[in-house]
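The two complexes that follow have subunit A in common; it is paired with subunit B in the first and with subunit C in the second.
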Partner chain A sequence: MLTTLKHKAGKLTIAAALGLGMASSASAVDLTMYYPVAVGGPLTKVVDGMVEDFEKANPDINVNAIYAGNYNDARIKALAALKSGEPAQTSVMFSIDIYELIEQGAIVPFDDVVETADEKAWLDGFYPALMENGKTRDKTWGIPFQRSTIVMYYNKDAFRAAGLDPEAPPATWDELVEAGKKLTKKNGDTVEQWGAMIPSTGYPYWMFGALAMQNGQTLMNSEGNETYFDAPATVEALQFWQDLGNKHGIMPTGTVEWATLRQNFLEGKTAMMWHSTGNLTAVKKDASFDFGVAMLPAQKRRGSPTGGGNFYIFEKSTPEERKAAMKLIRFLTEPERTAQWSIETGYLGTRPDAYSTAELTQYVQDFPPAAVARDQLEFATAELSTFQNGRVRKLLDDAIQSVLVGDKTAAEALGSAQKQADRLLKNYR
Partner chain B sequence: MRTANLKEKISLHFEYGAAYLLALIWMLPLIYAFWSAFHPSEYATRFDLLAPLTLDNFREAWSQAPFARYFLNTFLLVSIILLAQFILCTLAAYAFARFEFPGKSIAFALVLIQLMIMPEVLIVENYVTMSQLNLVDSIVGIGLPYMASAFGIFLLRQTFKTIPKELEDAARVEGCSALQILWKVYVPLARPTYVAFGLVSVSYHWNNFLWPLVITNSVTTRPLTVGLAIFGAPESGVDWSIITAGTLLAVAPLLVAFLLFQRQFVQSFMHAGIK
Partner chain C sequence: MNQRRSRFQIHGWLLLMPAAIFLIAFTYYPTLATLAKSFFSQGNAIKPSRFVGLENYEFLITDEVFWKVVGNNVIYAATTIPISIALALLMAVWVNGRLPMKSLVRMSFFTPTVLPMIAVANIWLFFYSPDIGLIDQITSSFGIASHNWLGDPDTVLGCIIVITIWKEAGFFMIFYLAALQTLSPELEEAARLEGASRWYYFRRVMFPLLMPTTLFVLINAIINSFKLVDQLFILTKGGPDNASSLLLYYIYEVAFSFLDQAYASTLTVVLLLALAIIAIGQFVFLDKKVHYR
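And then the complex of A and B:
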């Protein structure tokens, strides 16, 4: 009896304490934010540090920033939390998840949250190419945060050894083939150094988006309900990719592994590689030779898709929480913080004004490769993103790989991918 | 006669050769992990006997996440799950093996159906349940969906069924109650099955990733696998030296335990018929 009484008394005290605590910070907003990590390095510490700074500057907002695995894991975690009673209010997720999130009614457009002219100006301050994956139906749903693009890394020492000008990397497809032939070194039948490698596992659709854009063709419309897989320029682009290995012999035939490509480049097994800017910091740290970074070469024009993660605000949130979430996102994308984020991670600075900060200006001056990705943004386009994204992407991935390993011709593979994509997207038109 | 002998010998050698080959193929990833974890990253995919050895990879991997805490969490997690599984599965298996009650075959069929459902399908539903129980972001919350293991119930039921009824009758004559019979007759005789099931359960939950990631939010609850995942780096490609060092750290306790108790484990598996 006595113990139950004690127990009850204890509970009461706790409840009272909680009540008091709540009363004293009645205006405080608690935010939960998920973020994925997609590149190497101690990124969780960088994010935690920036969130801490935000809490110091905004004592009335508590942020619980939670690491949520890779992009896929983060989406699963966010959607699971949304369906239970304990959702997050904001999250960084893959920029191409936008249509799925809209379809599920999970996110709100930023246009509904911004009010003041100041906030609107902030919304318009990002690179337009980076906004493409965050905008649809005339509204902005995603704010660029951890964004990257594809660039060409090349081994300047290998260029010198082959009698090429290390300061003039190939700028067109023809020059790429020509330089590649000079750079491919054979010892009998085995190739000691390939001219170039474009990875075709992991994210083949992403690399292919670059080739198609260079040939003047996008892969989908901005409503996300139509794909252009069988357009003549798309087929040509895939044919060129296959030719690099089969006809010109400057790239291994078959597929090139995404996950080990950086290692291959660092060990001199290829003189050029196309890869994410997310690799810049690692290449810089580990390269034992003089390397350069260049924009991807052009056929009809230059081009590369952007990639990476955007901020979203979830629909299941109170107006106060949305305001607080936007405050947080604004804080994290301020020019100084964007500059710091870019330097520490290798991701792009998402806003032109970030590149005018003292830190980033200095960084780009000391390390010019960091500016290449920025300058290429002018020619960049959205990453493949549609409704039924996972399945549509898989169709294109499979088509690309079946052509590279020689099972199908480019026209065949892309034609059938387009037919199946049409079937999936029909209901969204 | 002699040719028959020779034939036997040859086929025996052949069998041994094949067994060693298979073992080697199975061990290759582990061997590679040891190679690249102890060498600087330049040598991660280049084999050079004279490559310098280093422990830097381990130091760097260890510093990137609070691994000491994650070890504790994982250890608590697998212990809690294993204990709960042993208790629940033993009682359920005993009931299914030795008692008659209405709806027994339907109940057992339901247990078997559970074997066929991938746990990943239930992530959202389980999350909702945990949220209603107020167990999101707790170690018990990670373990609860796995505690009534259908596999464990099935396995123990089969084992209990093979134990001669006469032993139970003898115990009853001595005046044992049903629970005493379970404790004194069935559990000791099913020891190999417990060891085998324990090994499967511990290694599964030691390695489980997606559900623990989804249901947890803080350092105090997250297991090792979630800590390891930050080395995954899908966008930039993996730093093999660091990730293999982290992996070796994470599997080391299991690896050591297996090497120490190898003989017992293998015998238990033969006994319990799990392959």
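And then the complex of A and C:
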């Protein structure tokens, strides 16, 4: 009985192996790609459509594009697939995962895959600010794909009602406070309309990256092994964030919820909000009032971190597969396709030449807010990204929140975050 | 004879095998692997994993976040368990009686249980949100200033607890309701003839007879107080500053956001130990006090 079972099992395995072998030899190269979606909207359809176009243009390459949840899920799935020996050759993952992926030995630099001068020119064709999160150790590991920055949405009707010029949104911190005070409407003790809201749940470190940059301070070095959480300018920036609520009274005290902020803005509970450009299409659709989009205000300079997902190529892949992956990535980042992607999603066009295409030029003309994020790229910096990224990010998130809720002072919280970050990162120096 | 016996044994083992394989693959092996992993460091491409003995446990003792989430979890358990059980019992006694539109009331109590936690959390997110939320809109009509429920470390854990109780009480009510329907009505009649008050009847007759159900519900409630963390993903992500983080959520963070499976294993071992101690306590001490028919 048992032996016959074994026999049958053996036969089955052989048959299965043969079947698989035949399937994979049917086309020249099979690519598996994971990609995340972090904002609302039918983005999976857009990606699937673009991948289909690619397969039509390259019949010898077969792409299996798998939607993998949010950024965190995508990273977990891709790394788990690699560990279990499942082949995935390329993926879109969070741009700030770079150090973790390098540490795991999971990805190869594009410099090793790029060969021709034409390909090198393509590699140099992206906005430098968007490349910052993809470059370390003098090599390029990530190619920008779905990228964004933070912008300031403001309610022009509320500006008019408060006697402010709706075409001149605040351009400095002082102007922000001044306008915010005029925009904050009170009825007795209850506030009917806040001046401004900066979300402090979900991605506080991201918003804080903007404030710090505006105060002339980056949060980490490009090797990803040092943070500047306790630099005087960083502490000042966090103090300013807390002051918006505690001292100037133009923002609620405590934390401001990321997920409901858009609703707050749409219902007129805040006259200004800082949010990702990824929300532009949704706000455009639902706003019942006249709204504007502006660059974030400046203290010493303007500034915003970039955000979003990059393409990576995995180390566990054959030279042919890498070449095919390169072809796919180049196809998806061609100017026309980048333009189409940007219009359909609200994400940034990642290359200057995308903005010179007829489609995107027209779109920006009809809807000027779409250009604000691009213009801000000039002042943009990398998103917080270090080795031990999850932990370091959480240290900063906790520090920010503990200051905003009034448990600690800015210097105290950031000092302790820096000390703990140093302990985590000293092994990488 | 011997041959026949060994054949019996093979039969026995074969019958046990399907269940045994699943138990071993999904329960015993992972438990042992977790225990083993907690004695090793987290490896990567540059530094392979190595044996570190109790180093992970030493780190755990000095980890402030760990103690914070343990404290939160104790508060969470100490409030959700008794309140949801008491509420469940109250609702069950109420809908067990003569009541117009009884099934409608029963259904409305049970609805929260059927809804997926993630959907529930998304709804409550808008209840709690300051200014535009349901709670603030109601309180503001009484002239009370708006409150940032989820953004204030003093209220955030309470908000999470309320959702959990709301979600669980209906589920436990079903068990009590089923148990109540098996109680024979003669008991109540007899008690009334003897002149016992309703409270006395509840305290001395009904509640003791419901003890086996209470034990079952209690075990479920305790497990859930460590297991139910779905709402945190939507509502607070453990914030602000870990004020609403629970042990299981912290384990998730360490394993999948920090990618530190060694330390996550260490935390899991601690969680398993705590649950094991509670389970043993329940079976050894409480079981004796329960009256089974």
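Just so it is clear, the second predicted complex is superposed on the first by the 402 of 429 C-alpha atoms of A that agree within 3 Å, B and C clash if a C-alpha of one lies under 4 Å from a C-alpha of the other, contacts with A are read in each partner's own complex, and residues count from 1 in each chain.
Simple rule for what comes next: a contact is a pair of C-beta atoms (placed from the backbone, for glycine too) under 8 Å apart; a residue touches a chain by one contact, two chains touch by 3 or more.
Every value quoted in this text rests on a predicted model; they were computed, and no experiment measured them.
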If we overlay the two complexes on their shared chain A, which of subunit B and subunit C does A:259 touch? Say first, second, both or neither. both
Between subunit B and subunit C, whom does A:163 touch in the aligned arrangement: first, second, both, or neither? neither
Touching A:68, do we find subunit B (first), subunit C (second), both, or neither? first
Touching partner for A:319 - first (subunit B), second (subunit C), both, neither: neither
Quick check for you: in the superposed arrangement, does A:59 touch first (subunit B), second (subunit C), both or neither? neither
So, does A:407 touch the first partner subunit B, the second partner subunit C, both, or neither? second
Where on subunit A do subunit B and subunit C both make contact? 76, 79, 202, 259-260, 263-264, 267
Using the touch definition from the top, list the residues of subunit A that touch subunit C in their complex. 72, 76, 79, 100, 103-106, 188-191, 194, 200-202, 252-257, 259-260, 263-264, 267, 269, 388, 390-391, 394, 397-398, 401-402, 404-405, 407
Sites on subunit C touched by subunit A in the complex: 44-46, 65, 125-126, 129-133, 140, 143, 145-146, 148, 150-153, 234, 236-237, 239-243, 253, 256-260
Can you check the complex and tell me which residues of subunit B touch subunit A? 41-42, 44-46, 63-65, 123-124, 127-128, 130-132, 136, 210, 213-214, 217-218, 226, 229-240, 242
Okay, in this complex, where on subunit A does subunit B touch? 32, 37-40, 42-44, 64, 66-71, 73, 76-77, 79-81, 83-86, 148, 202, 258-264, 266-267, 275-276, 278-279, 282, 286, 288, 307-308, 346
